[in-house]
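In what follows, chain A forms one complex with chain B and a second complex with chain C.
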Partner chain A sequence: MSSEKRELCLSGSGVTKVFGFGDKKTVAVDHVDFDFYTGELISIVGESGSGKTTLVKMLLGLTGVTEGDISFMGQKRDIRTHRKKKEYWKGIQAIFQDPFSSFNIFHKIDSVLLDCINMRGGRRLPKETKIEMMTEACSFVNLKFEELTNKYPFELSGGQMQRLMIARIFLLKPKILLADEPTSMIDACSRATILDMLMDLRRETGMMIIFITHDIGLAYYVSDSVYIMERGRFVEYGSADEVILNPKAEYTKRLLTDVPKIHDPWEFSRNKRYDFRKPPEAADGK
Partner chain B sequence: MKNTLRQVFRPGKFLAGFIIFAFILLLTVLYPLFNPGDPLAMIGLNNFTKPGTYVSVYDSLNVNRTFVFKLPDAAEKRIGSKLFPEDRETIKDYLTRLGLPEDSIDIDDTHDLMALWWNNYDPANQIGKTIAERRAYTALDNKLAGIFVSEDLEVLQYDPGTDEYVRKKMVTENDYVNVGDVANTIWLPLGTDNFGADMLKKLVSAIGTSLLIGLIAGVVATMIGLLLGLLAGYLGGIADDVIMFFTNLFTVIPGFILLILISYSIDQSRRGATTVAIVIGLTSWVWTTRSVRAQVISLRNRDHVNLSKLSGHSLPRIVVGDILPYIASYVVMAFILQISSAILAEAGLSMLGLGPKTTDTATLGLVMEWSIMKSAAHISGAWWAYYPVIIVIALISFSLNLMNTGLDQIFNPQLRD
Partner chain C sequence: MGKIMMEVNNLSTKYVTRFGEGVYAVNDVSFKVEEGRSLGIAGESGCGKSTLALSLMGYYFAPLHYIQGDILIDGQNISGRKPDDVRKNVLGTEIAYIPQAAMNALNPTRKIIRFIEDVVRAHNPKATKKDIYDLARERFEILNLEPQTLQKHAVELSGGMKQRTVIAVSTILSPKVLIADEPSSALDVTSQKMVIKMIHDLMELGYIKSMIFITHELPLLFNVTDDIMVMYAGQIVEKGSAEQMIFDPVHPYSKGLMGSILVPEGGTRDIKLTAIPGTPPNLKKPPEGCRFAARCKYVKPQCRMTAVSFEDLGNGRGSRCIVPETELREVYGHEQ
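The block that comes next holds the complex of A and B.
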């Protein structure tokens, strides 16, 4: 990691999120500071319930920040109006944890992809161009648009849905992608495919990826910087090598002891969560 | 479109409910076409006329004759009525001349008299003094023979257009007349009520009005409930607090009590069916609001809503496109239940005397009220005045509830196969 000319893209200071009042108060995110640079791949690692999703929602502007500031491209983020929000979301997009609840079951796949083209100002493009763009996006994630058109998202498998999500990102080409455990709900084979595709996409567009995971081995393999999150706080952060090969915090050490072999890529399915709703998909990655 | 329709009608329950409801609806639409006129018109003077077919005796020609129906020995009595006293005298006269003892002849006993005549009369034995007398005996014999040949009767109907009596049917005297051929009969399948109005006609018109009341009340309640629920649930914060304050207020006061109070405070003359329907709607939106709000709250944090936001959709578009479809099945079900409960509420109000105060429309509630009013139908045994109403109310509720249960599959594409 050379320190020359690193452009600060997203940063926060004292970012806090509190749910509820009084006795029911939960501090989901507790005064976290961070600096994310353009083009970096950052991992945020933490156990279940440590506040990762909450932080993602705050970064996306989907939920309010109780305390603290978030800056975007060096300026204090301003998303008070719908128009400003829309502008902000052109630059920052996300893939959610659970693909099964990420799509509106009443909208067809076409409309999901068309929304992305419209978002990028392609509303007036001729129909053929739009179809061409959608076909390209689908083939990027190894899906066939002709087979998807006029289908509903719930007719796809979890892995296919998550790839559709990536196709969305492919069309939107945002500056920042927040990937909130995009592989936690799908089987190991599709997991590798999804990760591959994310890496391809990053190579192609140079976007910054904030990768949320509870798998520290995976974080080490993919990321430049790693933030370790414990109960709403960042207990340790730095470059992937620094944090994982030379951990200082107890929590990081504990996370590391759970991982059998760090250096084997795609082997770290510590928390293999098989999806029982659909049979495991055959590996059809690149 | 075709597939959607197939989906709609596949669940058996929905289909059953739909058929019952459609039948009732069709009845209210079609029956008035076949039987037009004011449903509240009084057609008879009697209270609670039994079901049946009635012939008007009022506007028929006064023929100064009494028809006694289902008479025993009809033929004999008919002949008896045709045998005039002078004919009987002539018979007696003839028989005494033949030498029969006078006291053995009873001129009032038609049967015996006729038997004696036929046994003793001999056309060859002309015992008359004069030619005229002899002719009279021959004529009498001819007449008596002719009595057994029944005459044809004409069934006539007055045609006001041509001012003439038009023959509708010829029937022989000793035959049956089809009631359909007789002018001015009325079929009262459910008899009449205590005002002498055709019960079925009134019932059909009452069903129509009650369904309309249900529809108006259902639309009002669902609209208010849906709007407030969506606002409270999606916006949250102060909007939620204010709306929930009023909702809780309305929850604490029982809806029916409120309904009674409002109905009571509205001037009787202005308390028409529509007013009552709106009042019912205004007091029954609470539960729709509460449950819509609860569902919206759980939906608004779902990832598909987040994704929609990230796609730059505006608030109205998210509410309509990402929230509403998910609660649509619920809202439609609530709407259907509102209809059936509004019909019941109207019935309840009317029984208390707080229903629509109109003398020119009938509602199911009013029909019930009228049937128990002064000359209580259940005491006088007039089952046709209250059982049909009760059955109709039950059927409407039942069919609406059946349809309700079958609806889930239509709205949720994930449940389709």
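The block that comes next holds the complex of A and C.
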């Protein structure tokens, strides 16, 4: 999605979050500036405790901003009342790490999906159209609506719930999707499926996706630009190839040497170094 | 060829649910680990990796039940023993086990040295405090852990530090086999590398004779172990050296699994990830034929009919597939 006119979608200047007062003050996010453009795919990479999740919560408006401004679609964000917040959430949605705690277990799956349709202004649509929309959304993520209707979220498996989260996004079609560690609870095989779905969705709706992850391999694979976060600050940012292949910041370099790799194993690993461009047989013979 | 430290023959175990149904989580597993070598076990969640780790200890308690098979550690059979006997004579000296959340196992009200005293005294009731302290201090110094840690409580240590302490405590009696079940997956990459470095040092210094390392993270497995075994639905589907398994898998399932590796290295961005559609079979009623048949791209009618046995391909390699190796390679070649 490299459109000629880059439309500023979400930007922030000097965004800060401080928890506690006085001696117990903890600066979780420290004067962060960013400009995210429409249709971009961005990754924010950081280890645990670097302030990634706090930043997501601020972007979503789930927690207040201590200092600084966040602008959405070129205008200063205004979420002072609940009505305005709801309006804001039409444009920005999230998928969280733990699908089990993302759903209200007292609400049936039908009502979860119906809420999305209502939020998009489809409250007055006839029932058949609504069911059609829900069926379409479910089939997009390889779920069968007939099997899900009248069920509660806890009756589904983790992978199914994570896919249902994506079905919600399909119905809502937000401008921005914040994916907070969307694949850290599922294993490598299902990860590929989830990523494929998100990419399809992005192609279809042209939304911007912000991946929040600690998995630098995932960030490199999916994103256009990567932001590396350490102790509440962006220590490095740029295009994925720039940051991952030619890291400048010390922290990024350390992160990249500590991540297990297969073509350049750790110095104490007993397995051979492989030249990536050669097929495995050729590397064997040398 | 080194001395065989651990040999497992046709091991099968099951869980029994409260309705009396059997869940056959480990089915006909056989392998050998030589002295000084490490074996990795990979597979998606729910394929029986962790159950295999529990079964290998020979320490069975409900709902896990032993069905058949032998576990030989340095020639000594430990299967089918009573749990009490296993705890006294096998755990600690023959086998050490590190579960995923090992760091949460430390009682916060006790000092680290007390855990070591417990471990040593369980096997040697006459050991004096002084001897134990000397042993622990020496071991901690060799492993680059501060000896002061011994006098600390668990709450004073960070996550990575706790995990390393637990590993040091559980291997204090120099066991023959270390079974590590995702020892680093709750940690961030920097602590992970330190934990792995320590396990590596333990192996190099001969404090543990061999290791079984379980994780679903394939790049990590490649960095840690000599051999890799892939499990699917309670069975071993492929076995081989780490290089062979990562770069040149044979079985369709391992092929799919290796195609989902993500690493931050140049050139990996353009490769399309392979996703394996579908879900693993229900282990209450495992399918008659090949357990992977329902998700396999190269499935043939006879795959669903008869059970597939584990074929030795030579060079320590083996695969559980009805389609011959040459034919599979031909198909893979066409796809690229």
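Definition applied: the second predicted complex is superposed on the first by the 254 of 286 C-alpha atoms of A that agree within 3 Å, B and C clash if a C-alpha of one lies under 4 Å from a C-alpha of the other, contacts with A are read in each partner's own complex, and residues count from 1 in each chain.
Keep this in mind: contacts are C-beta pairs under 8 Å (C-beta built on N, C-alpha and C of every residue); 3 or more make two chains touch, one makes a residue touch a chain.
Bear in mind that the values here come from a model prediction, so they are computed numbers and not experimental data.
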| item | value |
| --- | --- |
| Which superposed partner A:110 touches (first chain B, second chain C, both, neither) | neither |
| Touched partner set for A:195, first chain B, second chain C, both or neither | second |
| Partner chain in contact with A:35 - chain B first, chain C second, else both or neither | neither |
| First (chain B), second (chain C), both or neither touched by A:154 | first |
| Greater residue coverage of chain A in the superposed arrangement, chain B or chain C | C |
| First, second, both or neither for A:245, with chain B first and chain C second | second |
| Which superposed partner A:47 touches (first chain B, second chain C, both, neither) | second |
| Partner chain(s) touched by A:224 [first = chain B, second = chain C, both, neither] | neither |
| Those residues of chain A which chain B touches in one complex and chain C touches in the other | none |
| Sites on chain A touched by chain C in the complex | 47-48, 142, 157, 159, 186-193, 195-196, 214-221, 240-241, 244-245, 254-256, 258-266, 268-272, 274, 276-277, 280-281 |
| Chain C - residues contacting chain A, complex | 44-45, 188-190, 192-193, 196-197, 200, 216-220, 222-224, 226, 242-243, 246-248, 256-257, 259-269, 273-277, 279 |
| Chain B partner contacts - residues on chain A that touch it in the complex | 57, 60, 62, 82, 85-86, 89-90, 93-94, 96-98, 101-107, 112, 115-116, 118-119, 152, 154 |
| Contacting residues of chain B [partner chain A, same complex] | 302-304, 306-315, 321-322, 325-326, 412-414 |
